[in-house]
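As structure tokens, here come the structures.
What follows is chain A paired twice: with chain B in the first complex and chain C in the second.
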Partner chain A sequence: MSGSKQMVDGPVLATEELRLDVGAGETAVRILDGVGLSCAAGEIVGLVGESGSGKSMTLRTAVGLAPKGARLTGSVRVAGRELVGAGRREVLRVRREIAAMIFQDPRAHVNPYQRIGAFVADGLRRTRGWSRARAAQQVVSLLDEVGLPDPETLADRYPHELSGGMLQRVMIASALSTEPRLLLADEATTALDVTTQAEIMGLLRRLREERGLAIVFVTHDLDLAAASCDRIHVMQSGVVVEEGPALEVFERPEHPYTRKLLDAMPSRLDAEAPMPIGGAA
Partner chain B sequence: MSAWLLPLARRVGSLALVLLATSFIVFGAMYLAPGSPESFLVRGNSVTAETLQAIRDQYHLDEPFLSQYVLWLGGVVHGDFGLSIQFRQPVAELIASRVPTTAMLVGYAAVLILVVGVLVGVLAAVKRGGVDGTAIVVSTVAMATPSFVVAMALTSLFAVTLGWFPAFGAGEGFGDRLWHLTLPAVALALSSAALVLRTTRTSMIGALGKEYVETARVRGFSSSRVVWGQAFRGGIVPVVTLAGLVISGLLVTTTIVETVFGLNGIGSLLVQAVNVKDFPVVQAVILIIVAVFVLSNLVVDLLYPVLEPRARAKGGAR
Partner chain C sequence: MSILTVDGLSKSYDHGRVKAVTDVSFELAQGGSLGVVGESGSGKTTLSRLITGIEQPDAGRIVVAGTELEARTTRRARHERAGIMQMVFQDPYQSLDPRQTPEEAIDEIITLHGGLRGAARTARRREVLDQVDLPERARRALPRELSGGQRQRVAIARALAASPRLLLLDEATSALDVSVQAQILRLLARIRADTGVAIVFVSHDLEVVRSITEELIVMFRGEVVESGETSRVLRDPQHPYTRLLLSSVPRPGWDPDQVSRDRRTFLRQLA
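Moving on to the complex of A and B:
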């Protein structure tokens, strides 16, 4: 309980009774209402819900990214460090050493003015004080690790010369550069085509195995979550309405909202009412 | 190679065309304006008709307009800008002696504009609140105040009342010149610095809201790294484009500032020359100003793909 060694064995991310309010008085809005969530090393936890359900906001609290003027209560522990009410120093430490985040639109989230190599190296150079040469070597092996071909050449190119899928790999490489224990993926595959989506999910699963990463995966796609995650939390209006092992939630949903989400899946619609397409006869 | 050389050749060609067109327009304007150069020259003195005629002959003043222009142009093409009517001195020599003062004044003002405008602009964008509000109010006033008013206000406060800076002259030696040129440079810089400040502020507010800046925050970069290492790189692009225009535009404002502060630069020379219809000088000074304008635009255009990687794919400058 008191030793820091024990904390390593506990969940990498744990939130309890997490509440987030924005605005004041009459116009105050509760964005999160008692969210409890945990993710251990080597585990992929899916956070599923529709837009505005608070899933991304929950994820952001784990790196101290609450909106301006928001009031946060409850608990967010990242590798045992409490972030609710934490000072800037503590937040920076979590961002630099423990958690990393990837986003829905890598084209917007990768700095368009930096070459790929410089962008990925920045994490090591700015937060670890590595030399340019040392960081550059590490960048090549990181780009290789996330499955990008010809990393030496790629490091010299600019983001606009790469596809969205490649940029998401670059994003992941830069997230991995500081050897985080927790990877937060905010709709990280939503903007990608199906094939690329599958590749990125495969990559995340591999990284979970190889690096023992704890991954929290935010998505509105319950199918995808069921196929890729170990456990799923379903969120609605800032509340976790259902949680459990991925397949269980997917196959035997208990909460009506989960059932509604499942019914809205295009794959289900197709299964129940197959579209007659030319050549079916 | 030719892919790079051809646009450059086109640039040089268009520069020549712009210079030709402006020189014609200025020449025409001088021709149409009332009064004749020799009457300014001999002002008040009794001069024989022969002397007057000699001056008229020397400057081809009795020729028709077009042939006057062509004669002048022919000289310019051969590097001969003619003799100043009022100073009886080669125009090139005259201008060469005036350029250092103006160059130093404009350079001084440019440094003030960029340093103050960009620093305060970034600060306002980052801090917002009171700093931002103050910057907006002060820059609005600065933009709306004509440079001659600023010049007089500065003179009366810092030169006459407080006596910190000289009110007149350009000084000798670098340090002394800098001291003499401080008030003129501030007067010259003020409204442009305000414009650069506002542009920097708006652009940086936009840049600080960009997703890739959020990425830098999530990666745990320090605030100054986020601002100067990430947001500034993109935020400064519109400012560079503006700075080229603003700084070359200073050459026009120097006419006022140099006159108010009694500086012997290009600007005050132009004013004197226009007053007495000393057309070889007017032409030469205006050609210099136009050339600086066009060239600084060229530099900004060439710089753009350097600053904006996404513009490079489309084959260099527009």
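Moving on to the complex of A and C:
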């Protein structure tokens, strides 16, 4: 960890009473309604919900990616820095030094004409002003750290030559290049095969231990969250309806929505059982 | 009698260099349900494209309700086949006409495949849309005004409107939220019970396949590595790849590193 970084006690990410509204007047919509969550160094926190629950939006507020014209109130603190109401410089500083994000579809976030090495070097050259040669060295070590074989050769290849799982590893290497303390993963394994998903989850767990990363993991998959996270928050319609240690929530859900979500998991589903009460989607 | 027989089916691309499907055989009884499960590159999508006639096999036969699919088909043969076999895909948005309401879409199929008109057509349309529990208001809306789950209900209704004896569903619930997926799976189970339609359910998701099918084939690199009764295969998998797939499904106490080691061991033994 670089010495210039101010170490703060307490959670790396903490939101309190976070509200996010878009639109005005009659078309105003509340996307987040009082979201509170925290994630400490070395912790994996799951944010679980269906589409429209606000889980991805919550994640985005931690890197100042709220939609244009949205009104944000409450508090989002990243390593102690308040982002609600913060200026662009402060937000950029958080993105450059503290928080990094990975997404569901790595292919949408790479330039198909840029070699892997140059892509991963981008962050280092931009935020640290490193020379091409110095960055290139660091890139090889990052690609190695995320478990990619033969990193020197790989750095010269193009995105289309890599599988989805390999490309997600590249995205993680790129996210790590600025030595973040907080990694935000938005459905980062959803598009992957199950065996590849296991490899990426193993990697994230290792990074949590070795780097003491705080990881917020957004997923719709309660089984995956229960298997991989320390704590989970269950979200519905912009509200955290339940939170607690992952296993506890999984085995003894208290909120009706959590129970409904668990019952809908294919692992528990008996399609021939009578349809529970509730409208058609 | 079987509704679908696939015998020695093979398909390769790039002048035989990429073998997508190799010597695949199985049989599905009338009213039965078969899951086809595999990861990307397993050949499950190619298999589904071969069965639906979108692509032609290099070798092997596909027999649907006693009639072999021919490479060159007449319009009449295609029409007859559509009356027997219908498909539902992952993204209903792409398979629905954006300018057509569910009622119009269903009417078109009923006219085409049942020749019904007037009051008889209206009655049949109602029956089909009732079968998929599509809310009244959604029946006269455009696809873009419907939720993902409603669109998939429309796609299923449109398939059912032809009164097929076989439904092929290719990742038909993969893009849906889990609670909506659960509703669609329950809906399919009920439709099977009510109509006796046979289903082939192609999916990457072992758990989904478990909940909806009685028979299962597991594909890996174009080949069927294991087949049998779904519950038996998932309870007592015989092939190392099936075991690997099962251990990859996340659950409490899950060790992803162990899965990675098992995967490497499996791939090494293969080489």
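General observations
By our rule, the second predicted complex is superposed on the first by the 262 of 281 C-alpha atoms of A that agree within 3 Å, B and C clash if a C-alpha of one lies under 4 Å from a C-alpha of the other, contacts with A are read in each partner's own complex, and residues count from 1 in each chain.
Just so it is clear, a residue touches a chain if its C-beta (ideal position, glycine included) is under 8 Å from a C-beta of that chain, and two chains touch if they have at least 3 such contacts.
Worth saying up front: this structure is predicted, and the values here are computed from it rather than measured.
Of the two partner chains, neither chain B nor chain C is touched by A:V84. Contact with chain B, but none with chain C, is seen for A:R95 once the two complexes are overlaid on the shared chain. When the two structures are aligned on the shared chain, A:V63 is found in touch with chain B, with no touch to chain C.
Taking chain B and chain C in turn and counting the residues of chain A each one touches, the greater count comes from C. Contact with chain B, but none with chain C, is seen for A:N111 once the two complexes are overlaid on the shared chain. In the superposed pair of complexes, A:D122 makes contact with chain B only, with no contact to chain C.
Looking at the shared chain after the overlay, A:F103 reaches chain B, while chain C stays out of its contact range.
Applying the stated contact rule after C-alpha superposition, one finds that A:L143 touches neither chain B nor chain C. Contacts of A:M265 after superposition: chain C is touched, whereas chain B is not reached.
Against chain A, in their complex, chain C makes its touches with residues 39-40, 133-135, 147-150, 153, 177-183, 185-186, 188-190, 193, 204-208, 210-212, 244-245, 248-254, 256-257, 259-260, 263. Every residue of chain A that touches chain B in the complex is listed here, in rising order: 63, 65, 92-97, 100-101, 103, 105, 108-114, 122-123, 126-127, 158, 160-161, 171, 174, 178.
Contacts from chain A toward chain C in the complex involve residues 50-51, 164, 193-199, 201-202, 205-206, 220-224, 226-228, 246-247, 250-251, 260-261, 263-267, 269-273, 275, 279-281.
By the touch criterion given at the top, residues 210-212, 214-222, 225, 229-230, 233-234, 308-310, 312-313 of chain B touch chain A in their complex.
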